[in-house]
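Heads up, the next two complexes both have chain A, just with different partners, chain B and then chain C.
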Partner chain A sequence: MRERITSAARGNTDLVGLLVLLLAVLVAYQHYDSSLLSPASVTILSAQFLPLILAAAGQTTVMLLGGIDLSLGAVLGLAMAVFATYDAHSAGGVVTAVVAALCAAVAAGAANGTLVAYAGLPPIVVTLAASFLWSGVTLIVLPQPGGHVPGGLVNAYNNGWNGLAVPALAITLVLAAWKVLRTTRHGLALYAVGGNEHGAYASGLHTRGTKIAGYALAGAFTGLAGIGLAVQTGSADPTIGTPYTLNSIAACVLGGISFFGGVGRMRGTVLGALVIGLLTNLLLFTGISPFYQLIVQGVILVVALALKTYLTREAAV
Partner chain B sequence: MTGVTGTIRRDAVVALRGSRAAWAFGVLGVTWLAAILFADGFDSVSNVRYLVQTASFLGIVAVGQTLVVIMSGIDLSVSGVVALSAVVCAKVASGTGGGVSGIMAALALSALVGAVNAGGVVWLRVPPMVMTLATGTILSGALLVYTDGSPSSAHLPLLDSLANGRLLGVPWAFVLWLVVTAVAGWLLHLSRTGRYAFALGAGEHAARASGVPLGATAFTAYVSCALLAGVAGLVLLGFTGTSSLTMGNPYQLLSIASVVLGGTSILGGRGHLLGTVGGALLLTLLTALLISWNLSEGVRQVVLGVLIIGLLLVYARERRT
Partner chain C sequence: MNAGSVRGAVAVAASLCALAGISACDVQSDSSTAKSGSSASPAAAKDLKVGWSTIYLTPSWMQQTLKMMEGDVTKLKSAGKVSSFKTLNANGDTSQQIAQIRAMIQQKYDVIIVDAGSSTALNPALEQAVAAGITVVAFDSLPTSTKVIRVGTDQKAWGSMMATWLADKLKGKGTVIAMNGPAGVAVSEDRWAGAAAVFKKYPDIKIVSNVHSEYNLAPAAQAFASAYSAHPDIDGVFSQGGALSAAALQTLVKQDKKLVPVTGENYNGFLKMWRSHQKAGFSSIATAQPNYLAVIALEAAVAKREGVSVPQDITVPLPEITDKNLADYVKPDQPDDSYPINDLPQSEIDKLIGK
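Showing the complex of A and B:
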């Protein structure tokens, strides 16, 4: 039994380290806020963390393909703007707004993917140029902060609906969908193309199609994140997405997703996003100026990655 | 006879196709011609003067970015360094220290950030993207703490004349940009360090195996890049007279875009510094042109994005292996 645990732990150094870090943060958190494990704080925290978790899930999808998405924040803002400008008064209206926002995000993702697959430009260059494009489209849809989200929806999202933590449920559903997708041909193809594109092509995979589908899927995750952010804040802001680009990359990197593609698990990303989110809150509790949170975030990123590189180098020798 | 001219012509075509930097200037020339024909005021001397003046802020940052990109790195902390330099200089200058000590402090801190970037990449083996992203994040936090969220403004005669003054009708900022480009061009294309940078960009393992010093090259590149971002921050401070925590933000993506539009491969190992100069001028000209057409900011960004993608498709595609 012990051998099995140690061997499993050795295979998942990132995840174990991250779990230890998460536990330490949770213990400290419990010290400041003893209601941490109550249903109410699960609702509050999941409402707060949903945008980052889903954005990081989108970034993970792209990074598993060996790419990187610098336009993620712009696409998130686009989905948010489309969702909030759609004047939804009835329940059907909300559904239409969600569908419209998701369509916009998926289309943006698929366009990125098509350029990456066919244009022969590196993903970082394509998504860099695309970030201008999509933030421009967002500004056309919504030139300044505004828009409208039905109050009932905002209330249900932030305070729970009949005792159900809606955002936590949404995150669980999205992760379950990913879990199922991962076992299908398309999910496996994603890992195969990211791990070894030539090999995947040689074994008969449609590598370009896989890339386009992967970027479109990332768009869907990002779109959901944007909708979540709009519901959380009750309105939309065309430039609010920008920090999500780098934060999503940070969550992925913390979660052990490789820059070279094909390596990493979605659960790592979720843990990474949780650590970033909880640490931010923890700093608020400790009474340190919130200005320090960026510093702590940056230091953790470097330390975590340097430690990981150090450990894996030791293992390789 | 015809055979010889044919060969020369073929050589010229091959050279042109291979020289992406020439493409950047070609597109710049065509765009400028189009601007003169289809927009008002682009043929006046004062307009050209203003254009090269505003292009130098971006251009100085982009020259530094090129040094890093050539050795297959990337610097995502330049926006933070631009703000750092301006904020620190303004604060020191408006406080007890004078203008000169403000400038010295700003440049020293900028160089320090570059050294930290290089140290993380070389010793901690953190990927450049993550390392510079982290230092950039730490910098914005540190600036918030340092200024309590409200940076000060300062009027420094020296920086003011550097940003707005002219030498024989040419803006000092542009002269500074040219000098910076000349020095960086020597460093990258003529010095041994430059050859090392190209070698590292073309293939790190092979370069290291053949004795290219990763450490010294990385430190030179990242420190120069941060130092130039710091210089740009100072010139911007002179230009506007105020410092803000977000004043560096536009230069983050635009500096990388200038490098790529100038024909340098983002994967490193291939490119020319002059291309970056063309890229920065081109981006500034395109922005000015779109503004002169009274397009809304959204439409302007869409057009800029589409143009960048289109131009890259024409001449910056990577050879498929």
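Showing the complex of A and C:
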């Protein structure tokens, strides 16, 4: 039994480390907010973290393919704007709005994927250009903060629906979908192409198709994040998405997703996003000067990453 | 000791450090929260726990605002009205500002002052705070929610004040470059809406270029330079921010071009340049987003807790800086990146907050 636990821990050293960090943050959090484990707090916190977790899931998909998505924040803003400007009272209501927003985000993702796969351009260049493109389109859709999300939906999302934490449920569903997808041919192809593109091509995989599908999937996650943010805030804001680009990358890196593709797991990303989110809140509670909060945040990120790299190098030794 | 066990030791030590470090914070917090265990009785505004959540703290305008607010806090503390004051900086991230407000609700603040990062995104969180019995007052960059007290200036009036002066100066005829703030930001859109309404009445005034830029000297200078190289024969510049105006005037001076009228703001760098080129015939008008908005917001919150019926919307009149009274405002000994404005007398504040 003991051996099984240690061997499981050895394979997941980075995740165990992250869990310890998360636990430490949670213990501290409990001190400041004793209602942490109450259903109300779980709802509030999951409502707050859902956009970041989903955005990080999108970033993970792209990073597994060996890319990086600098347009994530812009696409998130676009999905949010499309969702909130669609008049929920007309035909189809919220469902149509969700579909429209997701279509926009998936199309944006697929466009990135196509350029990366067929034009052979570096992902960083393609997505940087795309970030300008989509923030421009977002401003056309929604020139200034506004839009409308049905009040009932906002309330259910932020305060729970019949005692159910809707955002937590949404995150669980998305993760379950990812878990299923990972075991399919497409999911495996994603890892294969990201890890060794030539090898994957030589073994008969349609590497370009896989890339396009992967970027489109990232678009879907980003779109869901944008919808989540719109429902959380009850409106849309064309410029609110920007910080998500870097925060999602931070969550991925902390969660153990490799910059070189093919390595990493979604649960790592989720833990990474949770640590970043909770840490920010925790620093607010401690009430230290805002400037020191930034320093502490940066130091913790670097130390966590350095430790993780050090501890997981055993495979190479 | 082999490499593996060294690693194990490091891992254990690191996790212990993390736990110890964070629990050390707790001890501190316990003692501080025990002191400020204030009871929130709305009628007597005693020992209020006040928090200020701002979207940015780094710009000099915010730093000056913080200083002015802290000055007022000291006064209120010695009067026994405020027990603690904390500043929270969202560092440009609206989602983080939402988190701050929720954290303040959980920590049972009595008063939340807000400088909002988004005019819509904070509404649900702020309304939740109001529902929890917290007095919420927003100033400067305002949310659209009607449940919070809002202290601000009329941004549309700002735009139309600048545009009217410029149209008069040009005698209703000429070409103009417009310098606006970042696209999609409510303040910038509102100021431009006010200006556009005025320009509409003058069909002979042509806006040849509508530039969007950060309210920051370096990006604004770049943006103006490219617009100006495309249209070097303009008759005036409509600018809706001090750094934007300074960037435009600086370009004209550097390139030794005709000093056409440029509208401005009480940004000291611009005021200094205006003053020194006044003899060469440069003329301008400027207004201000006064730093004392923060003080009015704080005073309004305290008054509300004392039972004063504070109006929901407090619109503070825009100051007007002209060629004539420029000398009263410009501070030659202060850095460019400061906003010279004097305190508002207490009597004026009391009038505004309905005392």
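Observations, loosely collected:
Basically, the second predicted complex is superposed on the first by the 305 of 317 C-alpha atoms of A that agree within 3 Å, B and C clash if a C-alpha of one lies under 4 Å from a C-alpha of the other, contacts with A are read in each partner's own complex, and residues count from 1 in each chain.
FYI, contacts are C-beta pairs under 8 Å (C-beta built on N, C-alpha and C of every residue); 3 or more make two chains touch, one makes a residue touch a chain.
A quick note: this is a predicted structure, and the numbers were derived from the prediction, not measured.
When both complexes are superposed on chain A, chain B and chain C end up clashing with one another. In the superposition on chain A, A:114 contacts neither chain B nor chain C. In the superposition on chain A, A:139 contacts both chain B and chain C. Looking at the shared chain after the overlay, A:196 reaches neither chain B nor chain C. When the two structures are aligned on the shared chain, A:52 is found in touch with chain C, with no touch to chain B.
By the touch criterion defined above, A:293 reaches both chain B and chain C. Common to the chain B and chain C interfaces on chain A are residues 138-139, 143, 289, 291, 293-294, 310. Residue ranges of chain A in contact with chain C, taken from their complex: 13, 17, 20-21, 24-25, 27-28, 31-33, 35, 41, 44, 48, 51-52, 138-139, 142-147, 154, 158, 229, 232-240, 243-244, 247, 277, 280-282, 284-287, 289-291, 293-294, 307, 310-311, 314, 317. If you check the complex, the residues on chain B that touch chain A are 74, 76, 120, 124-127, 129-131, 133-138, 140-142, 144-145, 148-149, 253, 256-257, 260, 266-267, 296-306, 308-309, 312-313, 316-320.
The residues of chain C lying in touch with chain A in their complex are 3-4, 7, 10-11, 14-15, 18-19, 22-23, 25-26, 28-30, 32, 57, 86-89, 91-96, 98-100, 102-103, 106-107, 117-124, 128, 144, 182-186, 189. The touching residues of chain A, when paired with chain B in their complex, are 68, 70, 115, 119-122, 124-126, 128-141, 143, 246, 249-250, 253, 259, 289, 291-299, 301-302, 305-306, 309-310, 313.
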